[in-house]
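For reference, the structure I am asking about is given below.
A, B and C are the chain letters, set down in written order, and residue numbers restart from 1 in every chain.
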Amino acid sequence: MSLSALSPKRAPATGQAAPSALYDVPGPRARARHLVYGVVASLALLALAAWVIHLLVDTGQFAYVKWRPFGYVGVQELLLRGLGNTLKAFALAAVLALALGAVLAAGRLSEHRLLRWGSTLLVEFFRAMPVLVMIFFVFVALQVPALPALVTGLTLYNGSVLAEVFRSGVNSVDRGQREAAYALGMRKTQVMVHVLVPQAVRAMLPTIISQLVVALKDTSLGFLITYEEFLHAGRLIAINMDYTMPFIPVVMVVSAIYIGLCMLLSWFANWVARRERGNVKNEAVPVAPAEAASTMPGTRM
Amino acid sequence: MRTSVPSSGTTAARGALLVAFLLAAATACGAAGSPPARGPQPGELPHYAVAEGFSLPSSSTWRSAHRRGKLTVGVKEDQPGMGEKNPATGEYTGFDVEIAKMMAASLGFDPDEQITYKAIASANRETALQNGQIDYYVGTYTINEGRKKLVGFAGPYYIAGQRLLVRQDEKHLKGPQDMAGRKICSAVGSTPLQRIESDYPRAVAVAYDSYAICVDNLLNDQVDAVTTDDTILLGYAAKDPAHLKVVGRAFSEEPYGIGVPRQDRALARALDKALTARERNGDWKRAYEATLGLSGRPAPKPPRIDPSLTR
Amino acid sequence: MDVLTENFSLYGEGFWGTVKLTVYSSLLALGVGVVMAGFRVAPVRALRVVGTTWVTVLRNTPLTLLFFAMLLGLPRFGVALPFELFAVLALGCYTSSFICEAVRSGINTVPVGQGEAARSLGMTFGQTLGTVVLPQAFRSVIAPIGSTLIALAKNSAIAGSFSVVELLSTYKTLSENGYSVVWSFVWIALGYLILTLAISALFHVLERRWGVPR
């Protein structure tokens, strides 16, 4: 995933030929040794995989009855409805978080001291709080239904993180750009809207998308406040005795789809990052590596 | 940044393909209908006579439901035999659902046409009643002092008790006295589990996330018994009476009530009256026999309504 | 205010639960993360594949899904662990992928000359990694590891929904006992602030003593 973004292309891809702090270009003996290690490691891996598969087969996880429920339209619709609810929460949270991020970033970049302090306080507070605490607060204390509670929590948290992303994006635009714009007689808002923000968004796009992956992952927190999202649908099938309680098959299907979706979005972030790096027009703007916003909630201090 | 690492972009692409394939496979072919369900069958459930011209103007809940033309009833969705939603068809079945239906009929609503079911998890029951998401709640809801401060109750309509669910071929485990050294499973953090741990220290308590996991492990010989309210246990036994049975005397008493908004005494009283009538005309017994009765355990005598609840 | 003073032991228990979860999961995450980072830079392709797969999959797995899969999947094989252990496993494995990436990017900042010098002294791959490269790598990634562990502390709140005693889940007991929910949450929030600020301060100290610019 974002790994290739972390290790930019270098040295022709001849496997392990590139010298590094860790090892030289291997000679014939080292190559032979590595081959042995490789074979041993592969065998160990194969043995592990075989053991897991044996365990699964042994407990009848691939039996027809365990997978039969997925063949029925009703069950598929239930899963798709759950997935639809997950994506709905994600879409709402993403749009609102982007909007909130823009507002808070504008606040932090403002020249009015009060506005700046207020925005800073909000951003720092919401980034320091576990997103689940916010969701539970809205759900339990304010007695808001599950979907709005989930979306509110996700928006506050991701909006605050995105505000920081936007702000550092605007600050990363070369000073000359701003000065040139002012010299042309543009007003502050014009400079912001026409000169700084377009360049900042461009530079920060991979980071923004990476943060959206976090939002997508965190929609699963809705499961904990009984929002009828994807995991909820999966659980309903898994604990059903008529379907012989297919715990493992449900976990397999649900994980594959959930992880696949997140990987797809992460991969998109990397693709954008690579494309941006290759773009000559952006040379003046240092492109934030995807690593800057690791796909973990709140990885910045 | 020197070591050469294989690009993982291809891994992602492969993952994306897999997802696309799974989704395509899921939507392309599918059998109509739903997998065969065991336990209560929708076609074999009793019908309840709807009270014609019923009116309860003193209840604000009833008035607004009457205006909408529909009752919103809170139930459980994951408790076989009591309140279970068929994942494929979306239909609710179980003893609690039958009680909800006969109450609706007594309030003048058609149980088949004029009930909207809402699955409410245990943790959200009080909130749902307080902010008017539901008109009343029927779902293994034990009447106790703490809850009485938050919501009103009608009933009780059933006295549940903690018992043991064992495999049909179990010979030695006949009640709480035989639990020493045996693996007894319950849901983590639940009252039945705490009771086992404190009152029967010689039993080996096993805690899982839900009773379904306990039952699965019971059927696969990983544990020796599942313990909780007998209603829940009878629900599982009703699904698979050939392999499961409920044993022993009850070692607790859990009066189940119908939860109503706290201030609406008129509704609670009307439900009490309706329960008494349904118990007398045999509807209560028919509802039991069509649901929990499938486990093989005959219907108990319905409990006496507690008038102090609606005073 | 009454909520705090009258339930101090409950809050204390919850806070202590969160601290324990955070510490144990951090240790697991650091251990697994460093091993996986080692795999990812190893000269053996099979190990690199293992490391890459571990990181790619776990970084794209929602933590709730990981809890869900463990609690639903493992019991099927007769695994009956205490729920605290389930939580530490889920949190630790999840976080290890982020630790791994932090450590690996640290390894990449170590100048080639360091490794060459080590090898010219006759050190093996393991020795080079363990005594020369990793110590330097760690010093350059103190800050990112700190923020990863702060995220871990915050993520531990999820465990409360799976019957583990920790700070967030104290609100349930309090609301059952009739205390104001809003105030319960104020003190819960304060608890998390204290914990995250403490980790942050700890890593600032580490950074000042041992940190090197990346």
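We adopt the following convention: contacts are C-beta pairs under 8 Å (C-beta built on N, C-alpha and C of every residue); 3 or more make two chains touch, one makes a residue touch a chain.
Quantities reported herein were computed from a predicted structural model and do not represent experimental measurements.
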| item | value |
| --- | --- |
| Topology of the chain contact graph, where touching chains are joined (line, ring, star, complete, other) | complete |
| Which of A-B and A-C has more C-beta contact pairs | A-C |
| Approximate Å spacing (C-alpha centroids) for the pair subunit B, subunit C | 38 |
| Rounded Å distance, subunit A centre to subunit C centre (Cα mean) | 18 |
| Approximate Å spacing (C-alpha centroids) for the pair subunit A, subunit B | 37 |
| Where subunit A touches two or more other chains, by residue | 1, 3, 7, 15-16, 19-22, 59, 140, 235, 238, 247, 259, 263, 266 |
| Junction residues of subunit C - those touching two or more other chains | 41, 45, 52, 56, 72, 75-76, 107-108, 112 |
| Contacts with two or more other chains, residues of subunit B listed in rising order | 1-3, 5, 8, 11-12, 123, 213, 216 |
| Contact footprint of subunit B on subunit A as seen in their complex | 1, 3-4, 7-8, 10-11, 13-22, 59, 68-80, 140, 143, 145, 226, 233, 235-243, 245, 247, 253, 256-257, 259-261, 263-264, 266-267, 270-271 |
| Subunit A partner contacts - residues on subunit C that touch it in the complex | 41, 43-47, 50, 52, 55-57, 59-65, 68-69, 72-73, 75-77, 95, 98, 101, 104-105, 107-108, 110-116, 119, 125, 128-129, 133, 143-144, 146-148, 150-151, 154-155, 157-158, 161, 168, 171, 175, 181-182, 185, 188-189, 192-193, 196-197, 200, 203 |
| Contact set on subunit B toward subunit C in their complex | 1-3, 5-6, 8, 11-12, 123, 146, 149, 188-189, 206-209, 213, 216-217, 222 |
| Complex contact set, residues of subunit A against subunit C | 1-3, 6-7, 15-16, 19-24, 26, 30, 34, 37-38, 41-42, 45, 55, 59, 61, 128-133, 136-137, 140-141, 213, 216-221, 223-224, 231, 234-235, 238, 247-248, 250-251, 254-255, 258-259, 262-263, 266, 291, 294-301 |
| Of all residues in subunit B, those that touch subunit A in their complex | 1-5, 7-9, 11-13, 15-16, 18-19, 22-23, 26-27, 29-39, 77-78, 80, 85-90, 121, 123-124, 127, 130-131, 133, 210, 212-213, 215-216, 220, 236, 239-240 |
